[in-house]
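Order of writing sets the chain letters: A, B, C and D. Residues in each chain are counted from 1.
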Amino acid sequence: MAVGNWGRWGDDDERGALNLLTPDVVSAAAASVRTGKVYSLGIPIQASGVPLLDYRGKPMRLTLQDATDDGAYKDFGCHEGTGAHEDVMVFASHTTSHMDALIHVYGDYKHYNGVPYTEMRALSGAARLGIEKVEGFAARAVLLDLPPYFGGSDDWVELGRTITADDLQGCAARQGVEIRAGDVVLIRTGYLQWFWANPGEQGFAQAGIGFDAARWLASKDVVAVGCDNAAVEVIPFDEGDFLGVHKVLLVQHGIYMLEFLNLVAPARDQAYEGLITVAPLKVTGATGSPINPIFVA
Amino acid sequence: MAVGNWGRWGDDDERGALNLLTPDVVSAAAASVRTGKVYSLGIPIQASGVPLLDYRGKPMRLTLQDATDDGAYKDFGCHEGTGAHEDVMVFASHTTSHMDALIHVYGDYKHYNGVPYTEMRALSGAARLGIEKVEGFAARAVLLDLPPYFGGSDDWVELGRTITADDLQGCAARQGVEIRAGDVVLIRTGYLQWFWANPGEQGFAQAGIGFDAARWLASKDVVAVGCDNAAVEVIPFDEGDFLGVHKVLLVQHGIYMLEFLNLVAPARDQAYEGLITVAPLKVTGATGSPINPIFVA
Amino acid sequence: MAVGNWGRWGDDDERGALNLLTPDVVSAAAASVRTGKVYSLGIPIQASGVPLLDYRGKPMRLTLQDATDDGAYKDFGCHEGTGAHEDVMVFASHTTSHMDALIHVYGDYKHYNGVPYTEMRALSGAARLGIEKVEGFAARAVLLDLPPYFGGSDDWVELGRTITADDLQGCAARQGVEIRAGDVVLIRTGYLQWFWANPGEQGFAQAGIGFDAARWLASKDVVAVGCDNAAVEVIPFDEGDFLGVHKVLLVQHGIYMLEFLNLVAPARDQAYEGLITVAPLKVTGATGSPINPIFVA
Amino acid sequence: MAVGNWGRWGDDDERGALNLLTPDVVSAAAASVRTGKVYSLGIPIQASGVPLLDYRGKPMRLTLQDATDDGAYKDFGCHEGTGAHEDVMVFASHTTSHMDALIHVYGDYKHYNGVPYTEMRALSGAARLGIEKVEGFAARAVLLDLPPYFGGSDDWVELGRTITADDLQGCAARQGVEIRAGDVVLIRTGYLQWFWANPGEQGFAQAGIGFDAARWLASKDVVAVGCDNAAVEVIPFDEGDFLGVHKVLLVQHGIYMLEFLNLVAPARDQAYEGLITVAPLKVTGATGSPINPIFVA
C-alpha cells in the first residue's frame, strides 16, 4: 500500500519534504524578501515564564567559568583583567521552540519511509532519520494569522478548536497570500499570547490543525508546518487519535513540524511572506532540536 | 578615552555591531543570493570526531523517551504502534560550532560598552549582554578561502600562522569579492580539514587572524567574523596577548565571533558571497550558544 | 580574635570536627548498637513528591542504555537475551537529603579555619574544604524527637518555631539519652511529615534550631547536626541573620550539617541511639553531596 | 525450573540477598568492629585520573552558585560577607565506585526473580528492582587481598586472570578469616593500583572472579561482592560469556555487586574483617548509584 511520500525520493531517503527545496525554489524564496525586516521566531529557553511540559524537565543554564576563575590563565600570557565567561546547558531536545526530526514520531511502529521504530536506540540515538539529516534549510514562508481571521475580542483562537483546511484557505485568501510547493507554513493560533496572559494555567488544550488541514497541507507539498503551540495539532486530538496529525505530516509525508514559535511580531506587522531559515543543532542521533528560525520579510 | 564602538549606539546598547543591520542592509544581503544553493555551516555535536576542549566536557545526547515507553499513552487515545522518541542534551554553550555573546570575554575587567565583568553571575547568568540579546540575524556573508590564497599543497594554513589585514585584502581581491559594512566575514583556514586529516592530534596551535587583521575588519564595520578554528584568532596569541583579538573585536567593537564553522563546502564551490543567517538559542543569560549558520549563495 | 574551632586542629586543617572521631570514639559508637535494626535516612531523589528549592532545579534520572540497545554486544560474546540497563543523573549537590561541605557557607568572606571565600572557583571547584575532604565517617548518633517533646496533636513542630538549647536538653532528658563529644545529633522537627501532609504548600518557614542551640551543640563538641528540614536552622532566621546558624556551626566550628534527613522511622521505634555512617559522594571540589546516612540502632 | 534464589523470599521480592540481613546478623556485624578505624572505599568522582568508560561520559561538577552571586540575598537579612557556594552534578549511575541495582543486568530477558527486562522504561525508569529498593544496608565485611596471596612482585593480579573459588578459599585461609552468610565479600585484585601505575593505559582486561567463584560465593549466601575493578568478574569474560558472572550473582541469586572500590588502605593495614555500610543514592527508578561504602574495622 502506498503511504504518503514513502518511496517518492528513494527507499533510502532520510530527508523527506526537504527534497522539494531545489536551488531554484530557494532562489525564489530569497526573492520574496520585501522589507528586509528580520524576525527571530524562537522563544527564550529558561526555567520559568515559558510553556514547559513536566516530563521534559526544566532547562538549565549552568555557569562553567566566571570571574571566580580570574587569573587562571596568567601563565599563558593572560593580562590582568582579561577573562572569559562560559556556561553548560541542559535541556530537552523538544524544549520551548523546537523542530521534530523524522525519527520523533512513529505510527504502526514505523517512521517516515517505513523506517522501523527500533532504529532509535537509547545509547546511540537514531541510526536513521536523526535531526542531523536535516542539516538546516532555507525556504519561502507564509504566515497565517488565525485570531483576526476568526475574529472576536481575544488575541487567540479558543483553546481546543480544530483548525480546518477551509480555515487555512480562507485566512490565506483574506491575507492575499498563496501557499506553494516548498513552503513553510506558519500558523499563529495565539497560544503563546494566551499563555502569557494566563500565568500558571498551562494545560493541555490548544487550538491546532486537524486531519483535513494536515492532509490539505500535505497535498500542497509544503516542507514544514510551524505553529505557536505545543504540537501544531489540536488537543484534544482530532478524532481522539493521539499524535494523529504528526502521523499524517511527519510519518506519512516527511513534512517537518516546528513548535512553540513566536509569530506575534510578524503578525502585528502583517508580514505574511518572506524567507525563512531553520537551523537545528546537528546533534548526532537526536530526535529533534531547539530552534530559533529567522524570518526575513 | 574613546574605546572602539563604545557609546556609538547608546550607553545602554547591548547588541553592538548588530545595529548595522538595518532593513536596507538585509534586503541587499537577500538580493546577493545567486544560485540558491544552501550550506549549513555547523559541525556535528557529538562526543568524538570533532574538536573539543577538555574543560568544556563532552557533549551528551541522552534518551528521554523511546520504544520502552511504548504503550504509556494508551489511556489517552494512543493507538497501538504509535509513540514518540525524545532526548535530553547536555553541552557547553561554546561547544563545536558556536557564537560568542558579548558577555563572553572581558578586558580590563570590562565587556563591550563598558559593562563590568561582574554583570555575569553564576546562578542567574548574564544580567546584560547575554546571548538572548542577539535574537538572531541575517546579513551578507563573504567567504575568504585562505589555503588556496597562500598556495602550497596542504588544504590548510600552517598551524600558528598569523593572518594579516593584507592577507585578507589580497584574498578578497583574488576572489573578486568586496567586504562591506554590515557583512559577516567567513575566514577558512582549513583547521577542520587538518583536524580530520590528523585524528587524535588536537593541540592548541591554529592559524588565525592577528591584531592588524582584527583592527582592519573593525574599521570596515563588519558585524561578525566566522572561522573554522577554535578562536578566530591565531594561537599562540598575537603578541602573546591571551584572547587579544577577542578584546579588539568582541570587547572594543561589539563585533561577534563565530567559531568552528565548517566552510569547506562553499569554498569548494567558490561560493564566496551570499546571505547568512545566524540563530543562537535564546538561552536567557548565556554567554554563547551552539549555532548552525545557514549560508545561501 | 579566636574564632570557634579555627586553628584547633592546625592552621591547614580541612576536616573540622571530624578530627574528634578517633578510633576509640568510633569503637564506642559501634558498641552502642543494641537491636541491629538498620534505618536508611535519605529521602528519594526524584522530580516531585519531595521538597525541592526552585533555584536548584529538579533532579533528573535519564536512561543511558536500555532494551533498545539489546543486541549491541553480540560481537563480544553476549548471548541473546543478555543486556544491561544504565542511567545518567543530573542534580544539585544540595538536593533532597544532603551534607554541606565546609566550603558551602562563608561569613565575613571566610569559611572554616579562615579559608577565604575565593577558594571556590566556578571551573575547578573548591581548592580547599571540598566535600572530598570528608571522605566519609562513622560516629555515634543521638536522635531527638521534638514533636512529642513539645506535645500537641500535630506530628510536627510549628513552622517557624525556634528550637532552643533548653529544648534539646529537655528532650534528651525525657528520652534518657546523653549527648557526647563526637556525636552526630539528629533533630526531628517533623518538617517532612508536615510537607507530605500538605502537598503543594512548600514555603520557606520551618522549625529549626536558633543561635543558642547551635552554640550549645558546639560546646558539646558534636561532629555533625542532622535535621529533617531544609537548613537545620529555623526560618525565618534567628535574629533575622541569613544563614546565621550555618555560620556558627559550619564556619566557626567546622561542625557538619545534614539536611532533609528522614528521621520518622527510628523516632517511631524510639531508637534514640546507635551508630551512624555518613558517606558523601567524593566529587572532587564539590560544596556538598546528596547522602543516605545509615543508622544502626 | 528453579533458578538460584528466585522465589526464596517471595515471588514479589525486590531485595534479593538483602533479606539475609536480619537484625541479629547486623548486630553480630557491629560486634566484629575491633580497632574502630574507618575506611572510605569510594574513589573520587572527577573527569580524569580515575577509570572511566567512554560510553558513560565524563562526570561533571558544575557551579550553581558562587562568589559572583555575593549580595543576592541582602534583602533577606543577609549580612555583607555572608554567602553560599553550591554545585550541580552530572554523571552516570555506574560511574567510578558504584553499586548495581537488581534491574541492572538481565539474562534470558529476565532479571532477578523473573522480572522481565521490559520493566525498565526510558522515561520513568525501573518499575521494579530499582536502586531505591536497596535503601541502604549494614553487614559484616570480609576483605580478601589477592595480590599477596598470589605472590609475585606486582601489587596487582595479572590482568585477565580468572580468580577461582579455590583462590578465594585459599586467600581466606591464609588471612585467617571466614566467610559467613550475610557477608559482603571484598576482593582486592589490585586493578586500581595497576591503573594508577599505568596512566593512560586503561583497557578492558582485568582480573576478576569466574563462574565457579561466583557460584561458590552464592552457595555461601553472601549479600554482596565488592571489587576494585570495573565488573567484579574477569575480562575477557569467563567462557566468553558476556556479563556471565553478573548473571550468576545479580540475576540468579539477587546478590549485589559493588565495583571500583578502593580496597588498598584496609589491605595495607591487614584489616580483613569489620562492619560495612553501603548507602546508594535513592534515585527513584535508577539502575545503580555511585557509592562510598564505609568500612569500620
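Here is the rule we go by: a residue touches a chain if its C-beta (ideal position, glycine included) is under 8 Å from a C-beta of that chain, and two chains touch if they have at least 3 such contacts.
None of these values were measured; they are calculated from a predicted model.
Although chain A and chain B share one sequence, what matters here is the overlap of their interface residues, and that overlap exceeds half of the numbers used. Between C-D and B-C, more C-beta contact pairs are found at C-D.
Centre to centre, using the average C-alpha position, chain B and chain C are separated by 45 Å. The geometric centre of chain C is 23 Å away from that of chain D, both derived from CA atoms. Of all residues in chain A, those that touch two or more other chains are 55, 57, 60, 63-68, 88, 90, 118, 120-123. On the chain A side of its complex with chain C, the touching residues are 47-48, 54, 57-58, 60, 63-66, 68-69, 72, 90, 118, 120-124. Against chain B, in their complex, chain C makes its touches with residues 55, 60, 62-64, 66-68, 88, 90, 122-123.
Residues 21-31, 33-38, 40, 42-46, 55-57, 59, 61, 63-68, 70, 73, 76-79, 81-94, 103-110, 117-118, 120-123, 125-126, 132, 135-138, 236-237, 240-243, 246-247, 275, 277-288, 290-294, 296 of chain D touch chain C in their complex.
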